[in-house]
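First the structure, in the form of structure tokens, and then the observations on it.
Order of writing sets the chain letters: A, B, C, D and E. Residues in each chain are counted from 1.
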Amino acid sequence: MFLAKVTGSVVATQKAESMVGQKLLVVEPLRVDEKDQSSLKGTGRTFICVDTVGCGEGEVVLIVQGSSARFTPQTGKLPIDAAIIGIVDTVQIGTKEVFKTGT
Amino acid sequence: MFLAKVTGSVVATQKAESMVGQKLLVVEPLRVDEKDQSSLKGTGRTFICVDTVGCGEGEVVLIVQGSSARFTPQTGKLPIDAAIIGIVDTVQIGTKEVFKTGT
Amino acid sequence: MFLAKVTGSVVATQKAESMVGQKLLVVEPLRVDEKDQSSLKGTGRTFICVDTVGCGEGEVVLIVQGSSARFTPQTGKLPIDAAIIGIVDTVQIGTKEVFKTGT
Amino acid sequence: MFLAKVTGSVVATQKAESMVGQKLLVVEPLRVDEKDQSSLKGTGRTFICVDTVGCGEGEVVLIVQGSSARFTPQTGKLPIDAAIIGIVDTVQIGTKEVFKTGT
Amino acid sequence: MFLAKVTGSVVATQKAESMVGQKLLVVEPLRVDEKDQSSLKGTGRTFICVDTVGCGEGEVVLIVQGSSARFTPQTGKLPIDAAIIGIVDTVQIGTKEVFKTGT
């Protein structure tokens, strides 16, 4: 899995019928800054994910990719390869809290 | 999933028999411009996808990869790893609409 | 899926028993030249694929990766993650034919 | 699979229900230093994994990705794409021990 | 699949129980040298694979990734995403033999 920031959303009226009603969010994957290991930074990449946890823009989330994205109650047999499965409260690296929600 | 622009098409007469009749499109993945977060830009990569939604060249679409590409009514047991599952109307990043179809 | 050029072949006498008799080809993935969108060019990467369509060296082919490589009649339960599923006749980008077999 | 160093942990209160009780660790993939082949070095990438072996921060571990991350007794049908399946004691390259735990 | 050179081995005493007795090898993926297409060269990347063919250090092998790594008699339901499924005798690119075992 990887950490990502929710940056936006996608509207697609014409789509696979099973996808109707699924919220499609734009996310940017994050990584631990390799210089000082004390913050998260964006990678510049762009993924589209189905939201299974009711998250909102600006939140840091946990993303699962591949066939496992179909292993949540909401995503059963959907034609998707990425889902948001958690909203991150904190990320700790060593003794340092590098991310805390709401700060 | 990822966003991509449909740029072309592929013709292959000799192919796995189950693929007969499937439309093969060339797409270029897109990403949100990391500089200003206000537009989509091409990544220069090239993928071939099966179209399940009846899209056309120039359209921005939603692509699913991997085993999940087989989870649409049309693609059941096809030997494919990428399918177009939606035609994108709009992409919103923050308060800004970075893509709108037809504009 | 992706486009690739068949560049060679691999011989491996000691191998998983189910792989006996499978033709192993070396391919180099291709991409649409991002500068002028008018030709295909090599990416320098190297993959090994099972041939399911009877292709030969120098041909441009369509490759499927991952679990879907097992979804052809010939590759059923093989331990493979890449198969050639089509021989490409033409690739069209916009109004331009960027590849045509035999030319 | 790949080698990685456990660098931290993630707390996510709101998440897919099946994930409750799963320990989420932050890992940085390692590679053999290509210059002298005599040490492991970080790649700067960041993955989040479920721990199935009771490992701790600073340890070098073995990570499985994709659908196979669901093939441990603890991870059965979890919506995860990466799991820690072993704690590494030693890594030997040629005649040289490039990693030994506790040193 | 891809070609790789076996460069070492990993010992992990604490691991998923089904992995007991599996030989874990370190491999470096190879590619055809894009300059002259006349040799194989290392990519500097590091993967850990289960050996299913009894290979040894220094050998060039064929590696399968993903769920298909579970499709050999020895690897049935193992939590692995990469397996060595063949020992390479020769690799031919065009009219040139770019690798031959034992030379």
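Quick note on the criterion: a contact is a pair of C-beta atoms (placed from the backbone, for glycine too) under 8 Å apart; a residue touches a chain by one contact, two chains touch by 3 or more.
The shown structure was predicted, so the numbers you read here are calculated from the model rather than taken from an experiment.
Counting hops only between chains that touch, chain A reaches chain C in a minimum of 2. Per the C-alpha superposition, chain C sits rotated 145 degrees relative to chain D, a value rounded to a multiple of 5. Per-chain CA centroids place chain B at a distance of 33 Å from chain D. Chain geometry summary: the mean Cα position of chain A and that of chain D are 20 Å apart. Counting partner chains per residue, chain A has residues 66-67, 69-70 touching two or more of them. In terms of which chains touch, the assembly is arranged as a closed ring, every chain touching its two neighbours and no others. The ring of chains, read from chain A with the first step to chain D, runs A, D, E, C, B.
Of all the residues in chain B, the ones that touch chain C in their complex are 7-19, 24, 26, 28, 42, 44-49, 57, 66-67, 69-70, 77-82. Chain contact summary for the complex, chain E toward chain C: residues 1-3, 30-32, 34, 37, 52-55, 62, 64-73, 75, 83, 85-94, 98.
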